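Okay, got some structures for you below.
What follows is chain A paired twice: with chain B in the first complex and chain C in the second.
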Partner chain A sequence: MNKLPKKKTNNFKYFLLSLVAPVVGIVISALLLFFLILLIRKGSISDTLYAFRVMGKTLTSTKDLGYIIARAEPLAISGIAAAIAFRAGVFNIGTEGQYYIGGLVASIYAIYFSIKSPAFHWLNVIFVVLFAMLGGALWALIPAILKMKKGVHEVITTIMMNQIAYTTAKYFVNGPLSGVKVGESLEPKTLDFPPSVTFHKLYDIFHGHFPFPKYIPLYESLFIAAILIFIVYIIIFYTNWGFEIEMLGTNPNAAKYSGVPPRLVVFNAMLWSGAIAGLINLQEIFGIKGYYTHHMTSGLGFDGIAVALIGYNNPIGVVLAALLFGFLRTAGYNLQFELGIPNSTMDLITGFIIIVMVIASVAMNRYISKLRRKEVLSGAGDR
Partner chain B sequence: MPGDIILKMENITKRFPGVLANDHINFDLKEKEVHALVGENGAGKSTLMKILYGLYHPDEGTIYIKIDGELKPVKFKNPQDAIRHGIGMVHQHFMLVYGLTTIENIILGYEPSSVIDFDTARKNIEKIMTESGLHVPLDVDVEVLSVGQQQRVEILKVLYRNAKILILDEPTAVLTPQETEELFTIINRLKEQGHSIIFISHKLHEVMEIADRISVMRKGRLVHTMPKSEATKEKIAELMVGHPVLLDVPRPDVTPGDVILEVKDLTVESDTKGVMAVNNVSFHIKAGEIYGIAGVEGNGQAELIEAIYGLRHPKKGQVIIKGEDITGKPTHIIRKKGVSHIPGDRHKFGVFLPFTLADNSILGHHREEKFARYGIFRRFSNISKWAMEIIKKFDVRTPSEKVPMSALSGGNQQKFVVGREISFDHDLMIAAHPTRGVDIGAMEFIYRQLFEEKKQNKAILLVSADLDELLLLSDRIGVMFKGKIIKELDNTNRQVTPKEVGYYMLGGDLESHNGGDTVGGEQIA
Partner chain C sequence: MKKVFTIITVLALVLTLGLVGCGQSQTGNQNSGSQTSGEPKLKVGVVFDIGGRGDKSFNDSAYRGLVKAAKELGGYIKDDPDNVNYGTNIEMKYMEPKQGGSDREQLLRKLAENGYDLVIGVGFAFTDAIKNVANDFPDVHFAIIDSCYSPDDHPANVTCLLFKEQEGSFLVGAIAGYKTETNKIGFIGGMDIPLIRKFMVGYEAGAMYVNPELRKDGAIMTAFVSDDPGQAWNNPPKGKEIAISQYDQGADIIYHAAGGTGMGLFEAALEKDKWAIGVDSDQGLILATSDQEKDREMAKHIITSMLKRVDTAVYTIIKEMYDNGKVEAKVMEFGLKENGVGYAYNDYNKELLDPIKPQVDELKQKIINGEITVPATDDELQQFKAKLGQ
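And then the complex of A and B:
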């Protein structure tokens, strides 16, 4: 009966097998990239090899590593938000709008209600987080209610809510919250946030003991992301909340049979997905800019869906996928700078990775379940 | 009388990864013969038939078909090839297109010309119908036909494609006893007209009734072929499982105790608004009693269970468990009050296939302190221990509790579900089709477990489409027809006959006894 160690190695084997698909996706995409660059550089092998060296250097320079992390941060949060909904079998396409509104609500707090004394900075940060989550959840509330009460499909409602979110943000920035003074820049924006609210640079917090240069946009929001990912990880894998979400995403009928109220769990998953989505762009709003504007980085919500997909809806996978995206973007900028290779080449590669990975993972899953069955059948006599 | 051999399968071998599905099988079929193929699930019957029908290709072996008076080897690339050689298959799950009429379904994929010539088709089909005795209305949507009629359409489809050899895969699984008899009449008639039939079934008494020869398969091998004259039910069962099975599991003698479940005037709306799936149903079950519900599927059994189990809100009436009214309470509360439920459709309701056995072992009770601290933080070691207990106690064949449910065979999955539901504290067990899709070995095991439940003074509500099972297990049987229990039969001494139940399953003497008042949802007096 001493088969505990065997069991462990077996599960480890299946874990390794599940990594095959992303690796295959990346390797095949790297090949494609090789030929693309070859094409762009008119067949010059030496240029192409140089391009790959540039990409390699991206991984070794501290400056680039800093940028990779900074770019991965909002994508990781966005990926987590999407993953929570996906796990419950809900397609929250509305993370895009939810972060616009989350940021807006947090900004209203920052401008009008925040504590002005720098001693209460951390309290302000906590309130910013709470209000951003509130805003995101609020934006997910309407699709969630419609889904729960009337069964309206969330893809349609959340997409529409995205459009409304953008115009709402635009209205607030140009109207009630407008902070543009005569004679200043024409960029529509709100008033600047008080210094007691804006996020500090990690470089300053660590008094220069930080490995990355001062100009790298890494702020306290990185802590927020880390804590969030940790909490979500615990919830997904160690609590009944995560278990019930997973039940619902896997088999709603069996979930019902198990006494899990399906509508309620979907409703909650949707709200929490929205709440987390509210946090996506705090880095830019409260760190880089220090004011709110609807002219901020857009598309983070949609990128997050891709991140969740590549990361298998697993928080750790999501972090790795976000770092991969961060790397591809940073490397893309370097390639453009050094060789004039268009930045969008990297977007193309990102899309290609997803497609190859999805195909590979379908094949791998089939292979894995075959292997599992075989193992059970052959091991059946042991007991 | 059976004539010459018209089909021969020689040394057919088919391997799947890790499984030898067919091991050098020799099988033949004579002209005008019904050759029954029996065996447990996973014995290799379906694989063999799929090879014959061109869906699988054998690794070894040859198929011979009589062409122009002599047996010639053939190779089927696909079912079209098989059909061209006169082989037709009636699948267990009908392959009909709802929304199309009967005639359209029959000619679909085999239209007489590119511009459909319905007149010629109709003439051909009508000729087949008069010859075979298979009468079905041709111009109605197949969806409105009864299950028995839909099956006839399936057989007509095969005959329309000029099949000489008919493969019937578990054709009686969905039929009432009366419909089964009609099917047998048709089979005999087809036989007389020169057709040969391969009849796959679980039900031994049917095999004994209809077959000329019987082949038994076990674990990928064809263990024995015999003429009916040499066969007995016991002998077939023994060959199927390899050891004699006491299908007649002795019933424990238990004096019924207090009333555990009481259902009063329960009325439940079906998915179609305004139609009552369950209509004023009342009954009670005492401790140590098995109450069977018989009925053709779709007469309200599923909705009745869902209402008791809290998955559906009753429109009217009460469900009382141990004196406590639980009508309309949510499922997890009802489970806590001591209700266990073996769901009818295991894959749809009973398990999460990608989850591990451990995760599957606590469904419905996962919030209990034993499995989760404060009802939230899951206690994995307790869950694993619990799963291991079920696995050991109910002989589930698996290397560990950490494998996904999907890796187990159907019988083992069902054993696990039954074991799980028995293991939780309960007073009422709702068992819906507890042996559906499992082999005789597992079936007997489950019967014994249910009797063990009875001995433990549990009240058991048994819903089953298998009459033999109901008659074997139940103390009382309520027959449901159009949402009502139209007859309650006392079966304490197993005195009820299948015929009797079948009579009421089709509505029985409603007209004469009740004056035809309250049938169905629409005409309540």
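And then the complex of A and C:
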């Protein structure tokens, strides 16, 4: 019993050590960014310093903070979806396709089956969430079955399913669901959703008692994301199922011997990962746009994989990583605006952070396991 | 671990110091984009469509409108590589969406947030984005090129800038009708949408009007690049593929309305030694004066271009905003009469066009006078054709 307090401090130490990789990643990337901007601005130090001031200002301006949260929201959901699968040791890279289909199924509900009375808005929102999850889970079902029954590798199947998802969405938008009116917009899209379904702006909900300007795209979907992350956190750390996933992901053999049914757990993890992925882009579809189109923001699924990676598959880490991405994107627009630095510079930096982090975390993991081994040995010696 | 940290810290310090050291000699000779002297009277923001500046077509035409406004009204273009600067009356700034174009709306917002008085979206793909942003920023005036809204849905702070593309296309169609030797001509459109059909229908009408052989079925081949806006306008390989197939089927002149995809047509024309007609900008002139050998070779195969004077439209709205301080929400149409469309006649295609120029200019006059009404839709084309007879 007297060992407990010591263990706690050790946990804190390990927590600090786990922060090393992200911090190193960010510091080295900032350095790289410095060189890049210097290159783009033809060696002007004053411009480069100004660029960093612009990035700093991103964190102090209220409207930019609003944008950071708004941009982090879909990434956080995407990160959570990827993290659930990763924890179980399955590499679901099909979140990209799953959110296209999740959005599509929810949109079909919104257009044809939703309750038209504004009094039932909340019911509609709940149904939108359920149908989006259903759509995402459906899209994950085929790879999950193939994985469970035949052991087909999920990377192959999910990436194929992504292609099919995009084409399916395109077919529905241009075909049966098409809502393009001649003489109006020429962008392919479905009919507009009824106002009883579209998400309200948080600004309107709080009647102006809201720190961010009205035009910031923050909608009710932020609640959905918050609730989701909370639930996933509870599931992962406080339920048997979360423990089973964890065990299977870290040591499949040990898990099998302690009676965890590996195939079933993987199957469930895939399905839930898909279901959550279905929710990724509700913000854009039901908030910003108010109709469905296959020309919505793409790549959120792949970004989510990076977010999960940087966030160590931990819900809190995922939220922080998503905020980091949101910051980089917002700062990227500011840099493009103020200094004409191409927006893709930020994508490059994001990629660089990931690489450095992965290298750093491999090194750290070795170091940590060495420490642990030492500790166990010395602990044994104490006894 | 401590060692690693020390090494990283030392490295970072050395690098930074080194940079500051060698950078100091260079500071001061760069005019930073952040510094501007004197408050401009008007701030104009433009968001180009995919392809951006340098597409040698649609966006470049809009850019020339900015340059003209800078010259005539005394303004400057911020962060421009060419340093266009004729005074501080008007500040102009342009931005380009990233590949795929999903961030058009965010760029419009960025300009509106930062105090730009007039924000212009270059292209029909901005239709929904402009409407959304215009509702959020009622004090900013917006303009959209090539698209508009139904009257009951028209935001009070948006001006639509439309073109009568069919009229300009009619003239280049007539040129093709005079010039073809095989009596077969082709057309490549970016996307099958009403806007591009205006080009196609006008072209067909002009060709049929001057050359009875082209009234026969199958004499004018038409094709569209893609139904995906991300693919349609910047896909030269696909454009080349379609062009080669049309040349192989006997066409000797092909007209394109497909933005950047048209570069593929020019490559095909060079390869097959046939003719091409450019669109939006004077593409023959742009390529003939390029510093690339291949561009100049391609230019020799461009008879003319259908000019869509996006520059005229952009300049007109900037001037109106500058003179009056505001613009009414309205629809402005630019046709032959307004010098909003036309055909390209320059030093390089002079010899080719001179024999037929009087006839073409006569047609132009007839359209301006209203003697010829150029069809803009398929139905109108059928009526037009019926009137011509076989």
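Here is the rule we use: the second predicted complex is superposed on the first by the 376 of 383 C-alpha atoms of A that agree within 3 Å, B and C clash if a C-alpha of one lies under 4 Å from a C-alpha of the other, contacts with A are read in each partner's own complex, and residues count from 1 in each chain.
The rule we apply is simple: a residue touches a chain if its C-beta (ideal position, glycine included) is under 8 Å from a C-beta of that chain, and two chains touch if they have at least 3 such contacts.
Keep in mind that this is a model prediction, so the values were computed, not measured.
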Query raised in the report: Is this a clash or a fit when chain B and chain C both end up on chain A?
Result: fit
Report task. With the two complexes superposed on chain A, say which partner A:351 touches: chain B (first), chain C (second), both, or neither. Result -> neither
Report task. Please work out whether A:215 is in contact with chain B alone, chain C alone, both, or neither, and reply first, second, both or neither. Result -> second
Requested in this report: State whether A:238 touches chain B only (first), chain C only (second), both chains, or neither.
Outcome: first
Query raised in the report: Per the overlay, which chain contacts more chain A residues, chain B or chain C?
Result: C
Query raised in the report: Does chain B (first) or chain C (second) touch A:11, or do both, or does neither?
Result: first
Report task. Using centres of C-alpha atoms, tell me the angle at chain A that chain B and chain C span after the overlay, to the nearest 10°. Result -> 130
Query raised in the report: In Å, how small is the closest CA gap from chain B to chain C once the two complexes are overlaid?
Result: 13
Requested in this report: Would you tell me the residues on chain A in contact with chain B in one complex that are also in contact with chain C in the other?
Outcome: none
Query raised in the report: Inside the complex, what are the residues of chain A that reach chain B?
Result: 3, 7, 11, 238-241, 243-244, 246-247, 250-251, 253-254, 256-261, 369-370, 372-380, 382-383
Query raised in the report: Contact residues on chain C for chain A in the complex?
Result: 1, 4, 8, 12, 15-16, 19-20, 23-24, 26-28, 30, 32-34, 79, 95, 98, 100, 102-103, 105-107, 109-110, 113-114, 124-125, 127-128, 132-133, 136-137, 147, 149-150, 153, 193-195, 227-230
Report summary line: In the complex, chain A touches chain C at residues 20, 24, 27-28, 31, 34-35, 38, 41-48, 50, 63, 170, 174, 181-189, 214-215, 288-289, 295-298, 333, 336-340, 343-344, 363, 367
Report summary line: Contacts from chain B onto chain A in the complex sit at residues 17-19, 309-311, 330-335, 341, 343, 348-355, 359, 363-364, 366-367, 372, 375-378, 397-400, 402-404, 406-409
